[in-house]
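The structure is given below, and queries will be raised subsequently.
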Amino acid sequence: MKEGDLVLVYRDQRSQYLIRLKSGNRLMTHHGDIDHDEILNHQFGDMITTHLGKEFYVLKPSHYDLMMKVKRKTTIIYPKDSGWLLLKTGIGPGSRVIEVGSGSGALTVLLANLVGDRGKVYSYERRRDILAAAQANIERYGLSNRVVFHLGDVARNGFQESGVDCVFIDVPEPWLVVEPAHQVLKGGHFLASLSPHIEQIKKTVEVMEQYGFKRIEVVEIILREIMVRKVGTRPKERAIVHTGYLLTGQKVKSQPLTRDRDDRNPAHR
Amino acid sequence: MKEGDLVLVYRDQRSQYLIRLKSGNRLMTHHGDIDHDEILNHQFGDMITTHLGKEFYVLKPSHYDLMMKVKRKTTIIYPKDSGWLLLKTGIGPGSRVIEVGSGSGALTVLLANLVGDRGKVYSYERRRDILAAAQANIERYGLSNRVVFHLGDVARNGFQESGVDCVFIDVPEPWLVVEPAHQVLKGGHFLASLSPHIEQIKKTVEVMEQYGFKRIEVVEIILREIMVRKVGTRPKERAIVHTGYLLTGQKVKSQPLTRDRDDRNPAHR
Amino acid sequence: MKEGDLVLVYRDQRSQYLIRLKSGNRLMTHHGDIDHDEILNHQFGDMITTHLGKEFYVLKPSHYDLMMKVKRKTTIIYPKDSGWLLLKTGIGPGSRVIEVGSGSGALTVLLANLVGDRGKVYSYERRRDILAAAQANIERYGLSNRVVFHLGDVARNGFQESGVDCVFIDVPEPWLVVEPAHQVLKGGHFLASLSPHIEQIKKTVEVMEQYGFKRIEVVEIILREIMVRKVGTRPKERAIVHTGYLLTGQKVKSQPLTRDRDDRNPAHR
Amino acid sequence: MKEGDLVLVYRDQRSQYLIRLKSGNRLMTHHGDIDHDEILNHQFGDMITTHLGKEFYVLKPSHYDLMMKVKRKTTIIYPKDSGWLLLKTGIGPGSRVIEVGSGSGALTVLLANLVGDRGKVYSYERRRDILAAAQANIERYGLSNRVVFHLGDVARNGFQESGVDCVFIDVPEPWLVVEPAHQVLKGGHFLASLSPHIEQIKKTVEVMEQYGFKRIEVVEIILREIMVRKVGTRPKERAIVHTGYLLTGQKVKSQPLTRDRDDRNPAHR
């Protein structure tokens, strides 16, 4: 364990803290305080006690934890949806990806972790205050060297990069970003977008079809937690049952279409 | 485009072929044939025609495609589930992970792609014929240098590695692998398991609690495809609505528990 | 047991027959034949054997069975959806209800059974062949005295009844039936509609709002079968995950609205 | 409109009151008061104003409203689940049904409304205070002549009726009620049970199989509300995603089984 490491200091569901270790710092909890230096003397998996004698565990944070623990100024993209988009787009070590709508940086964090040291994330945001929040989260996680932030309106001014492996869109009017995304995407590679309303999806699908995108697909993902307890096993009663619709498609180099190609896209099956 | 590249040759949902390019080879489809050399002269995103004049597109295959196109000898772990497990466990470039139950190698392929050149996947399988099938898929995808296969019964003989970042379990009796997984996992890191039946999950949770695992969580993921067509928008009528329950937990270095710690795990909320 | 009784002759999921008892008739199955007279000598719950010695059971058919066993010329309204609509609209003994779109008569059968001898179902259908099929199903079930069929286009010609307790709409353009439904519904009572596409729902909601309907609500219902077997318990793998969106609202006597009343309807929460 | 009528006085989702009209009574709301006599001078569907000039509507309450508005001392059976059970069991005008576990009387109300004047509901409850609450709800709804309440432990003392059309079980240990239910059910008719935990279902299925029940089926129902708004259309974000598992089966007159009949029940498909 060394300075700069991210650690989840965990007691139970209600008492868990994601911190970056820094000698001299002190974590304050409802169950008492813990010095970072104390943690620096331990390893992942160790038990540690507060000055009040309460037990905590030093756990490895996952992608899920990093995403859910960003300081939020906006709705974030949930892990269940990010996981799917990741699998559908094929991001991995070395990928160069664009994100439109930095938001709170939750997806930015995931992408930055997955592209590794040889990859890069280019994140565009229109609002200065939101961009600052995303940047702060990325810095806090020690990922600044993998992310380039741009303040600007992509629908108006386009992108500064080209030949990227993927474009992720999370803005209220994604259909306005299809054309610039088509310009900078490598051939055969993926555009992905997430929207809460079905009308947003419909408009974006329509524009993607005009630009000839192939394998346009839309899904939604419902997650239920299962409670395994002595009293019995059952899904948790209450849950978030809608976050958004997930849209993906692949660029091809054909001209914008004039005739109907409905039958070519899986979303028309 | 060069020899050894993986390419999705795509016409529509029913006519799509995942191939590895090799000069001199020839792809045969119901719509006519295409020489690999023809594809080698093109780029991703290009349109290409068969000897019968039918159009296909040269697309980049995603993780999803690689997983769904493995030659199957067993049920595979679906992308919707893999995406979640990936996010919950924090696998990324450089990770060293163990997989128990190679199966057809679908998850192996995903893991190998995500850990990158500096990571490693150790995949255990009890049945010789299944192992051979998984190996063939990994070779076909050009990932052999990232995967070490072991033929053997982990429940009986344990693992040959130690200090790994994650253990994935996909076997009929996952509870038998908890103890060896606990031995070789780094402290604070993740065990993950997937099972179709709730009884398998219950038994595995119970053993994980005996071994002191923290943040034991179980979820299930339901995915619906949405059809966006001229005639109207709606979810696809028929779908797979159950694949399995997804279980995760984190190792801590405490002794096996004797007292009840029900209240410490999220699955008991 | 007497002539005219409806009986489910059941062996297993694949071999079950809904018949109306008639002396002299003979049921032919893949496992052998059974005379209706043989069944007439038994009671519900009895075991009975075919001429090949195979066992069947004489079971009471439920609303579900009657609906699922109509001879189909169209897609039917599924029991899961009918059950919800029934609960939301308050149909019961003595109700007078209108149905637009007789279809195969599956919902007609349910309504006829629930309104009892003192209620009445008025069922409208535009296509002569479909109407004939619905009528045949109703006759087969011995419910003709509770159902009045009309051949005709409601959107053009309106209804012949007035002061009804409920109007059910199951046609491709339900929004065209809102105005005539508003005319014949009792004040404060329910209009209900089912559509597979979200665009149909949106248009219908819009027209309902113009006509001042209150408590406009839309839901969808997902049903999963659970398999309880020796090998383990889990949801069935494959299922129908979309049938339609269910829309309900209550008529009030206000004039058609000109101003926005978005905030008054639950669907706008 | 006459004294004793049930009326939903509705302004919006947050301001709605289910009342039984009684001359001289006064409804107090956050938006002002309304005399029952004022409502008695109106009809369903009319608009009415409080003494503060706020608009309310006089709406017909549905089964759904009656169920959701019982004064609750316990968790109630939700309409989505009741609707399904109703369709699977075939309750209708004239049915004689037993309910075990009166609870708050929500299901009792629905059953009483559906069996009509010629049917009867026999409702058993072990706890005196719960029984009193259910009785109060039934009286408030004017349904006392259709319901017979029994205070008592069915698992120990059995039922006082026989030859009933259906037995509904909603108690923590439903498997203890299978034997008495089998005794009093008509042959070929339905037992139905609802439980939140899968273990309860498994035990009950097992006992039902011992007693020879046929067509044993288990389902769960997930309901999503859809928001149709100017800003866009989407499912409501948060919802109850689990209430319970729904179990049904039909009695046959065979002896308790000794051999395995797994393949005969749909739940084993």
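Read from first to last, the chains carry the letters A, B, C and D; within each, the first residue is number 1.
By definition in this document, a residue touches a chain if its C-beta (ideal position, glycine included) is under 8 Å from a C-beta of that chain, and two chains touch if they have at least 3 such contacts.
Note that this is a predicted model, so its numbers are computed, not measured.
The minimum number of touch steps linking chain B to chain D comes to 2.
Once the centre of each chain is set as its mean CA position, chain A and chain C turn out to be 45 Å apart.
Taking each chain's centre as the mean of its C-alpha atoms, chain C lies 20 Å from chain D. Touching two or more other chains at once are residues 198, 222, 224, 233, 235-236 of chain D. In terms of inter-chain touching, the protein chains here make up one closed cycle, each touching precisely two others. Per the contact rule defined earlier, chains pair up in contact as A-B, A-D, B-C, C-D. Residues 196-200, 222, 224, 231-243 of chain A are the ones that touch chain D when the two sit in their complex. Those residues of chain A that touch chain B in the shared complex are 8, 10-13, 43-47, 57-65, 67, 79-80, 82-90, 92-94, 110, 113-117, 186-190, 198, 201-202, 205, 214-230, 233, 235-236, 245, 250-254, 262-264, 266-269.
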